Amino acid sequence: MSIQVRYFASLGDQLGRQEDQVQAEGPITVAEVWQQATDGLPMPPNILMAVNQEYAETDQTINDGDEVAFFPPVTGG
Amino acid sequence: MSIQVRYFASLGDQLGRQEDQVQAEGPITVAEVWQQATDGLPMPPNILMAVNQEYAETDQTINDGDEVAFFPPVTGG
Amino acid sequence: MPVIIVNQTFEPWSELQQQTQALSLRPGSYGASNIFLGTMRDFNEGDDVQAMTLEHYPGMTEKHLEAIIEEAKSQFDIDEALIIHRVGPIQPAETIVLTAVWSAHRKAAFDANRFLMEELKHRAPFWKQETLQNGSTRWVEKNTPG
Amino acid sequence: MPVIIVNQTFEPWSELQQQTQALSLRPGSYGASNIFLGTMRDFNEGDDVQAMTLEHYPGMTEKHLEAIIEEAKSQFDIDEALIIHRVGPIQPAETIVLTAVWSAHRKAAFDANRFLMEELKHRAPFWKQETLQNGSTRWVEKNTPG
């Protein structure tokens, strides 16, 4: 299955890209998506994540076609 | 000495006038100003009073030329 | 002048734009503004209201509104504050009161503006008289709690 | 539409006037409005800031702002709420965010508008990047506490 991965703000800058495409055979968690997309880079502290534009935790399971996003704490307003 | 007395809002309506002039020989309190101006009418409950445009109590002493005002609870805003 | 008593209808947003420019606020110096508008409703306590008249105590009203602004400035970390209040006859949907606060951060703006409104409601000598649909008038006895 | 994302400067008072007319607010039905404006300051954490860029997560941002408005409507006795938020490049003194609430009484207007701002600050995916006077850029790490 195919998973769209997005990075925002300082995290995109650090990784040097705004998105990745991750391929997986079976069930996969958010943490595993991060591992695969970043070649095993340790996840920065305080990082937030979303699945299909809802906030999620690292153990959430991803389905085919889902969009996963990683980003630093929000600073709007 | 001469004291200017003012009434506002529903109190002015009840008394049928917006002001009085009270003459006094010696020291006089706000309560006595009310007594004299209204011919001994009991002071309505919740009435507020001001001396020279500052909130005051019934026992405050009035000086010559002072302005005394009586009015119901305020309802602005 | 941070306290303005007006006896005719005003458009709150254009008035606010003008007043903001008149205040000593350097653009770029403040990060937060909070504005409160009190508007005349066409009903109150179950009755239709067709008009309102606001009486005030000229002199004492301005004095107390200015004191409230000074207190807000001493209690909260704010740059400026503004109070505009109507007097005289008012029609439904017209603005009765506008209070505004400018500050560096949002907490002070919210807190100070609420303070302005609560103090104004409790201390500023204004009295509302409503005209009902049948033409009869009644004085508003007390404010809604804040 | 109670949630508006804009990528160019807007004049808050005229925008508010337009949006108020667009909302389903019957004139004379509401008694209280509270408006908050977040404005870009030309300094932050001791440094002069010459510009800012606001990144957002298109789709997720709107979805969360709409959810925040729905929550405000369910928690507070309010008639309407509005959020306007800038994205993209921003200059000092420009409005970053405008939140507004309309209600019968003042308490709900103040409480709900503060709720909108706190939730927006904590949940809505926006990120600020500042450009300092020397041209260098830095991401804002966290918001000031509300």
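Odds and ends about this structure:
We just call them A, B, C and D in the order they show up, numbering each chain from 1.
In the analysis below, contacts are C-beta pairs under 8 Å (C-beta built on N, C-alpha and C of every residue); 3 or more make two chains touch, one makes a residue touch a chain.
Every value quoted in this text rests on a predicted model; they were computed, and no experiment measured them.
Common neighbours of chain A and chain C under the contact rule above are D. Centres computed as Cα averages put chain A at a distance of 73 Å from chain B.
Inter-chain centre distance (chain A to chain D, centres taken as mean C-alpha positions): 27 Å.
In whole angstrom, the spacing between the mean C-alpha positions of chain C and chain D is 23.
In chain D, the positions touching at least two other chains are 38, 106, 117. Looking at chain B, residues 77 sit in touch with two or more other chains. Of all possible chain pairings, those that touch are A-D, B-C, C-D. Only residues 38, 54-57, 59-60, 63, 85, 96-97, 117, 120-129, 139-143 of chain D touch chain A when the two sit together in their complex.
By the touch criterion stated above, chain B contacts chain C in their complex at residues 6, 8-10, 13, 50, 53-55, 69, 71-77. Within the complex formed with chain D, the residues of chain C that make contact are 11, 13-14, 16-17, 27-43, 92-93, 104-107, 109-110, 113-114, 117, 144-146.
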